[in-house]
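Next come two complexes built around subunit A: one with subunit B, the other with subunit C.
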Partner chain A sequence: MSILLETSNLKKHFESNGGFWGKKKSVKAVNGINLKIFEGETLSLVGESGCGKSTTGRLIGSLITPSEGEIIFNGITVNNLGKEKIRLLRRDIQFIFQDPFSSLNPKKTIKQILLDPLIIHKIGTRAEREKRVNDVIESVGLSQKQLQRYPHEFSGGQRQRISIARSLMLKPKLIIADEPVSALDVSIQAQILNLLKELQKEYNLTYLFISHDLSVVKHVSDRVAVMYLGKIIEMADKNDIYKNPKHPYTKALLSSVPIPDPDVQRERIILKGDLPSPTNIPSGCPFHSRCPISTDKCRVDIPKQHHSENNHIYYCYNVPS
Partner chain B sequence: MSSMLQNFSKNKTALICMIILLFIIVVVIFSEFLPLHSPNKMNKEYRLQGPSSEFFLGTDQFGRDLFSRIISGAKISLLVGISSVIISVGIGIILGLIAGYFGKWYDSLIMRTMDILFAFPEILLALAIVAALGPGTFNTILAIGIVNIPVFTRLVRGSVLGVKNLEYIESAKSLGAKDTRILFLEILPNITAPLLVQSTLAISGAILTESALSFLGLGVQPPNPSWGGMIAESRRYMELAPGMIIWPCLAMLITIFAINLFGDALNDIFNPLRGKN
Partner chain C sequence: MNSLLKVEDLKVQIKKNKDVTTIIKDINFSINPGETLGVVGESGCGKSITSLAIMRLLDKNAQVTGKIQFESHDILRMTQKEFRHVRGNHISLIFQEPMTSLNPLHKIGKQISEPVIRHLKMSKSDAKERTIELLNAVGIPRPNEIYNEYPYQLSGGMRQRIVIAMAMACNPRLIIADEPTTALDVTIQAQILKLLKKIAKENGTSILFITHDLGVVAEMCDRVIVMYAGQIVEEADVRTIFKQPKHPYTKGLLSSMPNMEKEYEVLDTIEGSVPMFNEMPTGCRYASRCKLAQDICFNREPDLIKANSDHKARCYFA
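This part shows the complex of A and B:
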C-alpha cells in the first residue's frame, strides 16, 4: 500500500495572550506527531478531550498552519505551498464535522450546499453539476426530492448524510472525519458508520477518523493511534491494539469501554488525577504523573519509540515488547 | 420564511405601524398629484391663519400652506432618514465584516477609530461635519450617515464574532472558498436580522438629527421645508399661531413613534423568545 499522507514532528503551539500585563503562555496542543496514512485505510485518532486530536486533524487538512514539522500529502510538501496551491489541495482533502446542526449553513438549501464545492472550484457545466448533485445525494441515502429543502427540516442523522455528501462532491482522496457520529443517537451512529464504510469501498476513500468513542473506533478502523497530551503514545492495527495493548494509558482507556454483558467481571484501571494542562506538560514521559507503573526514569527522559511485531509502535520504557 | 410572515401578521403593533408608515410613504410619493398649495408659495393676505377650508392646517408667517409644507417636509425627512441609514449600513457592514472576520490589527484599527467617533455626542459630530462641508440636504445626509457608522460596525462585528467559528464557516474554508465568498455568502445572510432591526431604529434617529440640524439652520436650507426648520421658524410666532409649531411636531411624533414601534416589533419577530422570559 502506498503512503497517502505523512507527517513528521508536527507541532502546533497556540500562544495564549495573558492580557496586556500578563505573561504569555503557550498551549502545546499538538506536540510532535509522526504518522503515516496509507491509501484506502481508515486510521483512527483516539484520546480524551483536549489531547489535541481535533487540532491534528485540522493541521492535516491545512485549516490551521503548523508551528513546526512537515506534512507530505501525495508526495507534495504542504507547508510551503502558497494560498492558491493550498486551495487546489483542498479538493483532495475534505472534512466531515462533528455537529450536524452547525455544519450546514441554515440559509442555504441542500442543493446550494452541495453545489458550493463545484462552484468554488469551477468544476463542470451547469448540467454536469446538477447530475453530480443528484448522484451524490442518492449515494448517501437521501432522495432528489429533498434537495430543495433547508437544513432545519432534517434530523441529525440526515444532516450528517448531507455533510458526507458535501465532502464527496469533489471526489477527494482523504476525508478527515472529526467525531462524525458523537452528536448522534446510537441507533443512527451505526447507520452513518456503515454508510462511511460503503462509500469507502465505492470511491476508494481514505479516512482519518477522529473519535473519543472506543467502540465506534473498533467498528470502523484499520489502524488506531492513541493520543495523550499532543503526542501519539501507541499506534497499531486495530485487532492488535484491542487485544494486546502495550502502553499503560491505552490499557486504562480500553478497560473503560463498557461490555454489553452484566455478568462479565473485569479489572478496571482507574487513572489517578486529571489530565495535566497542555500549557504545562510534565517533563519526561507526559503520562508519568498518572501512570501506575512509572519509575524515576520516566520523570526525566522522554520515552523512545518501541517496536513490537506487526508494526505495533508504543512509547513506554516499562513495557517489554 | 413563512413562519416569519405568520408571526408578522399576528403582531398587531407591527401591522398598524406598517400601515401608518406605508400611508406616509404613499402620500409623500403622490403629493404632487394631490390638490395642494405649493409649499413655497406665499400669500400675503393669508398670514398666520388658523385652520380653514382653504388652508387645511392654517398658514405660516408668509402665508404658506402648513399642510403642504408638512408633506413636503416628510419627503425630505424620509429621504434623509433612509439614505443616511443606507450610507451607514453599507459602510458599517464592510468595516464590521473586516474587523470581526480578520481580527488582529484590522480589528484594533477599525474598532478604535469607531470608539473615537463614538466618543463624540451624535449631534455635535453631525454639526461639526456639516459645518465643515457646508449646509445643505446632501451634506446633511452624509453627516448623519457618518455619525451612525460606528453603531452598525459594532453590531456587525459582534454578530460576525458569533457566527464565524461555527462549523459551516470552517467547512466553507475547508472547501477552499475565498474570504470574500465566505463573508458575503456564508456570514452576511446569517446576521441580517439584528441589522434590519437596528436600521429601522436608526432611520428614526436620523430624522431627529436632521430636524435638530435644520432647527439650528445647518440642515435643509430655506425656503425648502423640513420639519426641524419649520419648528425653528415658528418659535417667534408661537403665541400668534400655535398651529405652526404643533403640526410639524405632531407629524414628527407620529412618524418616529411608528418607526420605533415597528423596529421593536421586528425585533420580537426575529427573536421570538426575547419577550417571553
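This part shows the complex of A and C:
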C-alpha cells in the first residue's frame, strides 16, 4: 500500500497572553506527532477530551497551520504552499464534523449546500453539477426529492448523511471524520457507520477517524493510534491494540469501557486523578503522574519509541516488547 | 417487600397555545429499597421528563397526572411546602452537566452545606464538618482547600464528584441520576460509576439511573426499563434484558450497538426514526420501524404484557 499522508514531528502550540498581568502561557495541544496514513485504510485517533486529536485532524486538513513539523500529502510538502495551492489540496481532503446541527448552513437548501464545493472549485458545467448532486445524494441514502429542503427539516442522522454527501462532492482522497457519530443515538449511529464503510469500499476512500468511543473505533478502523496530552503513545493494527495493548494508558482506557453484557466481569484499571493541563505537561513521560507502573526514570526521561511485531509501536520504558 | 417509590399511570402533557401534546403516558414502575433501576432509551423517549416529574421540576405548562407514591405519600398531592422537605432531603438529583448544575458564584463549601443546614438543621460549624466528610467520601483530594474554591477551578470529573456529594448530603433514600457520566471521559466515568456503586451499597440508597448507554446499564443496574417514544416498552431484570430481550426495539437497540468484545462486518440497524410527539400513530408506536409488524400492530396499541412475574413487554408477539 502506498502512503497517502505522512507527518513528522508535527506540533501545534497555542499561545495565550494570560491577561494584563498574567504570565504568557503556551497550550501544547499537539506535541510532536509522527504518523503515516496508507491509501484506502481507516486510521483512528483515540483519546480523551483535550488530548489533541481534533487539533491533529485540523492540522492535517490544513485548517490551521502547524507551529513546527511537516505534513506530506501525496508526495507534496504541505507546509509552505501558497493560498491557491492549499485550495487545490482541499479538494482531496474533506471533513465531516461532529455536530450535524451546526455544520450545515441553515439558510441554504440541501442542493445549494451540495453545489457550493463545485462552484467554489469551478468544477463542471451546470448540468454536470446537477448530475453530481443527484448521484451523491442517492449514494448516502437520501432522495432527490429532499434536495429543495432546508437542514432544519431533517433529523440528526439525516443531517449527518448530508454532511457526508457534502464531503464526497469533490471526490476527495482523504476524509477526516471528527467524532461523526458522537451526537447520534445508537440506532442511528449504526446506520451512519455502515454507510461510511460502504462508501469507503465504493470510492476507495481513506479515513482519518477521530473518536473517543473505543467500541465504535474497533468497528471502523484498520489501525489505531492512541493519543495522550498531544502525543501518540501507542499505534498498531486494530487487533493488536485491542487484544494485546502495551502501554499502561491504553490498557486503562480499554478496561474502562463498559461492556453491554452483565455476565462479563472485567478487571478494571482505575486511573488516579485527572488529565493534567496541556499548559503544564509533566516532565518525562507525560503519563507518569497517573501511571500505575511508573518509576523514577519516567519522571525524568521521555520514553523512546519501542517496536513490537507487526509495526506495533509504543512509548513506555516499563513494558517489554 | 414494600417499594420505596411507586409510579402509577404517570402521564405528562405539555400545553402550548391551545395544543396539548402527550409526552409520556402509561408509566408504571417501582423501585425497591437499595435497588438500582436503569431507565434506557434514545433521546426524546421521555426518560428525563419522567425524572423531572418525580422531582416536580417541570414547568407550569406541563400537566402531570397519575400517582407517584414515595414511602407513604403521593408526591403529586403534596403542597409545594411539604414537598420541599422531600426534595434534596429524601430524594436528590444528579444531572448530566456538572458544568451547569453548580452555581458559579458560590464556593463549593457553601453549595454542599446549604442542604445540610436547611434539611438537617445543623449549625454552621457542624455543617462544615459534614461537608468536609462528604468531600472525603467522594474522593476529592485536599477537601479543606476545595471547600473554599469555586466550580470553575475544578475539572469535569471533580465537579461531578461535588454534585454527587451534594446529592448525598442528607443521606437520601433515593438518588435520581440523569445521565451522570455522559459528559465525562471513559477513565473518569469508571471512577464515578465505582463511586456511585459504593454509595448505593454502603448507605442502602436506591438509584434511578437514567442513561442511553447500554454498557453503563449492564454494569450498574439490577433491573431495567426500556422506554420508546414516551412509553415503557419492556421491563425486566438486567440479565434478562441483555440475554432474553422480548421487545423488538430492545433487540434492535442491543444489536445496533458495537460491542468491543465482538467482531462485526456490518452492524444491525433500526431503519427509520422515532415518530414525532404530535404525530404518534394509533397502533404500536414502534410498528413503522418493526420487522415483525402485522396489521394488528398498526391498528391497536398493545399493552405492557406480562411474560412472567418480572418480565413485561409492550408487544403482541413477545
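Everything below uses one rule, namely that the second predicted complex is superposed on the first by the 321 of 321 C-alpha atoms of A that agree within 3 Å, B and C clash if a C-alpha of one lies under 4 Å from a C-alpha of the other, contacts with A are read in each partner's own complex, and residues count from 1 in each chain.
Quick note on the criterion: a contact is a pair of C-beta atoms (placed from the backbone, for glycine too) under 8 Å apart; a residue touches a chain by one contact, two chains touch by 3 or more.
From a predicted model like this one, the values you see are computed outputs, not experimental measurements.
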| item | value |
| --- | --- |
| Joint occupancy of subunit A by subunit B and subunit C, clash or fit | fit |
| Contacts of A:Asp185 with subunit B and subunit C, given as first, second, both or neither | second |
| Which of subunit B and subunit C A:Arg149 touches, first, second, both or neither | neither |
| First, second, both or neither for A:Val264, with subunit B first and subunit C second | second |
| Contacts of A:Lys25 with subunit B and subunit C, given as first, second, both or neither | neither |
| Touching partner for A:Lys218 - first (subunit B), second (subunit C), both, neither | second |
| Broader residue contact with subunit A after superposition on the shared chain, subunit B or subunit C | C |
| First, second, both or neither for A:Tyr242, with subunit B first and subunit C second | second |
| Cα-centre angle that subunit B and subunit C span when viewed from subunit A, reported as a multiple of 10 degrees | 80 |
| Which of subunit B and subunit C A:Ala252 touches, first, second, both or neither | second |
| Partner chain in contact with A:His306 - subunit B first, subunit C second, else both or neither | neither |
| Minimal inter-chain CA distance - subunit C and subunit B, angstrom | 11 |
| Shared subunit A surface residues [contacts with subunit B and with subunit C] | none |
| Residue ranges of subunit A touching subunit C (in the complex, touch as defined) | 48-49, 155, 157, 185-191, 193-194, 197, 212, 214-216, 218-219, 242, 252-264, 268, 270-271, 273-275 |
| Residues on subunit C engaged by subunit A in the complex (per definition of touch) | 42-43, 141, 155, 157-158, 185-191, 193-194, 212-219, 238-239, 242-243, 252-254, 256-261, 264, 266-271, 273 |
| Parts of subunit B lying in touch with subunit A, wherever the complex brings them together | 166-168, 170-178, 181, 186, 189-190 |
| Residues on subunit A engaged by subunit B in the complex (per definition of touch) | 61, 63, 87-88, 90-91, 93-95, 97-99, 102-107, 116-117, 120-121, 163, 166, 170 |
